[in-house]
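Down below is the structure, laid out as structure tokens.
Naming follows writing order (A, B and C), and every chain is counted from residue 1.
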Amino acid sequence: MPSIGFDSAKVPPITSVNDLLRPEYNGKVALNGDPTQAGAAFSGVLMVALSQGGSVDDVAPGVEFFRKLRAAGNFLPVDPTPATVESGQTPVVIDWNYLNAAETAKLPAWQIVVPPNAVVAGYYYQAINKDAPHPAAARLWQEFLYSDEGQNLFAAGGVRPVRADQMMLAGTIDKAAVDKIPVIDGPVTVPSPDQTDKATEFLADNWAKAIG
Amino acid sequence: MKRTTLGGKVFRAALWVAFGLFFLFPLYAMADFSTRNLISGGRTLRAWQNLVADEALYQSIVISLLLAVFTVVGMLLILVPTMIWVRLRTPWAKGMVEFLCLLPLTIPALVIVVGLRNVYLWVTYFLGESALTLTFVYIVLVLPFAYRAIDAALASIDLKTLAEAARSLGAGWATTILRVVVPNIWSGILSAAFISIAVVLGEYTIASLSGYQTLQVQIVQIGKTDGPTSVAASLAVLLFGFVLLLVLSLVTRGRRRTQALDATAPIPTGVPE
Amino acid sequence: MVRRLREGLPLLPFLAVVVIFLIIPTVTVIVSSVYTDGVFSFDRIQALFSGTALSALAKSVLLSGSTAIIGAVLGAVLAWLIVSSPPSSMVRRAVISLCSVLAQFGGVALAFAFLATVGLNGVLTLWVQQVFGWNLAGSGWLYSLTGLILVYTYFQIPLMVIVFVPALEGLRDQWREAAVSLGASTFRYWREVAVPLLTPAFLGSALLLFANAFAAYATAAALVSQGSPILPLLIRAALTSEVVLGQAGFAYALALEMIVVVAVVMVAYNALVKRTARWLR
């Protein structure tokens, strides 16, 4: 799920999305990618939209918030990477929670906040190219990804694997890894493919203008 | 051409310093970050130590170096005779060759990769799946730079006279090219080779989208989890390329232009031809 | 005609490599821009004239043109500096080797290097702040067109040096001596002998720099990852988006547009060269 990570040694603590508009964050807030291109950024904008009173069917408040952020000079168009985070170039990053969590392991001052009423879950889908030179090998790879071993590897990386519920019932899940994944109380929004399409259309038309 | 006035010297020194600062500062910044200890705030060589310890990185270095060598050799073999032939026998083809040599630069790598998909199905069918098949694509990629460097060198010698003199003395085309023309355009050839090596060592898009593990692909992959190590790796590639090319230029010291110059100096009538 | 074909035969290896690994992929892409999934349509070509695409084109041309000129001029100066050092000196070799390597230095690493220098927490930014009290990173200029121009010149100048040094080295000392012996001053020598001789090479190198900047995208992608303000970023967005699918045709049309722009610039360059190369064979 998307979260806000920040370097507590360099900026004051963040408790909500609206904090990002404050002058202390001038030139400091980065989004992991362009929402018309990257799933992480798309979910980030969705999360902001939810926190601003929008919904999965209405991302406009999210885009509007980023427009305000840009106008205030707080928005950084730079692509955040571990290097930019650790060197202090991007002290605030909106990204998947597991990527932000990985940063905490390297930079102890890095903290993560998930806005309480704006929890979005995103899934990444797997596909095999019709014209692939080795489709059988690709299928075997997918078998591995969805096997217990593969799913536990995902859990070790800090994400909730898609077969988690079944594995917990069957007792095959890696308990230690799952315990580290943040527990989600409250409503979780998962956009359907149709809602995603509608949102991306809106973004394709309006994002560049908002942060341009 | 040796102006030794004090004003000239100071001016030159100032220029050197300005350029030096501009180019070396960002490199220093990279070195600074790659040796920073993020947790306790001192200096550490951990990132640099990772470079030697990583097996995958080592493999990708080997592959990239081999690619560089093959690309340079292939490029020289194809481009130099072609350009000489165009100048001597087929001047009508010059515009076309020049355009073709500029085209790779204008077509974004992303697009080339997509278009290459079908071609590469055949290439891997015939030549296997090693990353070395990237050689052909890389030869095409370095054409713009190599063409410009070699063209500048060819334009500055009297190719027609040289070639005719050699041929009239009984040399075949191979001898003419290898023993008469090449020593005279050595500076251009070296430039072309250097820039080609740099291009191959720095190329990322095509290798990554085609799924080959070259050096740059590996560096970016490391960069997704480990900032300092990837910055150290980039800096290491730069330093390594620099040292490699420096050594190459020292080793080829014997082929100085001056020998060739005496043989081609125009008869001193005082009028440049 | 047959004679031309026979004369052109030795060009075959070159043509073969170029056709297979460049022309065929390009043609594939161009054809795909008008003909996808069995449908022949000019829709995507029309999309090229939309606001976003036109603005991206304008910014790309501006960025490439300015870095080409700046890079060409500064690079020529540096090339001159190098050539006027003794031929076998270490400094000269070292600088040329460094230029070869830096000319291809780009992408995420270059963007990071500049961020680490003049970005928010950059080495130079912090130093200037301590000593002078100015905020270098301030308005975020690094992430706008101005910043991109600065970062691009970092590899444009070395590229110019690499391709221009052979031209400078082609200026024979004998020609200068001959000019001086006929009574020319240094200024006259440069104006009437060296500059006309160097102009075609200079223009050709500038053209190369333009094309280089025009298609470069990895660096811009790292510095300005939001909004695709320049053409190559727009292509990347259309081709690799995880979110907005099915824009591949648009990307191909954009690629076609890039080829056309460079072809136009090449035609202009050829016209210029014909005029300035009157003295050369």
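Just so we're on the same page, a residue touches a chain if its C-beta (ideal position, glycine included) is under 8 Å from a C-beta of that chain, and two chains touch if they have at least 3 such contacts.
Owing to the predicted nature of the structure, the values given are computational and were not obtained by experimental measurement.
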When you draw the chains as points and link the ones that touch, which shape shows up: line, ring, star, complete, or other? complete
Most contact pairs found between chains B-C
Far-end chain from subunit C, centres as C-alpha averages: A
Separation of mean Cα positions, subunit C and subunit B [Å, integer]: 15
Calculate how many whole Å lie between the centre of subunit A and the centre of subunit B, each centre taken as the average of the chain's C-alpha atoms. 40
CA centroids of subunit A and subunit C: separation to the nearest Å works out as 36
Of all residues in subunit B, which are in touch with two or more distinct other chains? 33, 223, 230-231
Which subunit C residues reach two or more other chains? 108, 112, 116, 122, 236, 240
Hey, what residues on subunit A touch two or more of the other chains? 81, 83-84, 87
Under the definition above, what is the set of subunit C residues touching subunit B in their complex? 4, 7-8, 10-11, 13-14, 17-18, 20-22, 24-29, 77-78, 81, 84, 87-88, 93-94, 96-98, 100-110, 112-114, 116-117, 122-124, 154, 157-159, 162-167, 169-176, 178, 181-182, 186, 193, 197, 200-201, 204-205, 207-208, 211-212, 214-215, 217-218, 232, 235-236, 239-240, 248, 251-252, 255, 258-259, 261-263, 266, 270, 280-281
Inside the complex, what are the residues of subunit A that reach subunit B? 81-87, 102, 106-108, 133
Give the list of subunit C residues in touch with subunit A in this complex. 52, 108, 111-112, 115-116, 119-122, 137-140, 143, 221-229, 236-237, 240-244
State the interface residues of subunit B toward subunit A in the complex, per the touch definition above. 33, 36, 38-39, 121, 124, 223-228, 230-231
Which part of subunit B faces subunit C closely enough to touch in the complex? 1-3, 12, 15-16, 19, 22-23, 25-30, 32-33, 78-79, 81-82, 85-86, 89-90, 92-93, 95, 97-100, 102-112, 114-116, 118-119, 136-137, 139-140, 143-145, 148-149, 151-153, 155-157, 160, 185, 187-188, 191, 194-195, 197-199, 201-205, 216, 219-220, 223, 230-231, 234, 238, 241-243, 245-246, 249-250, 253, 256-258, 261, 265-266, 268, 270-272
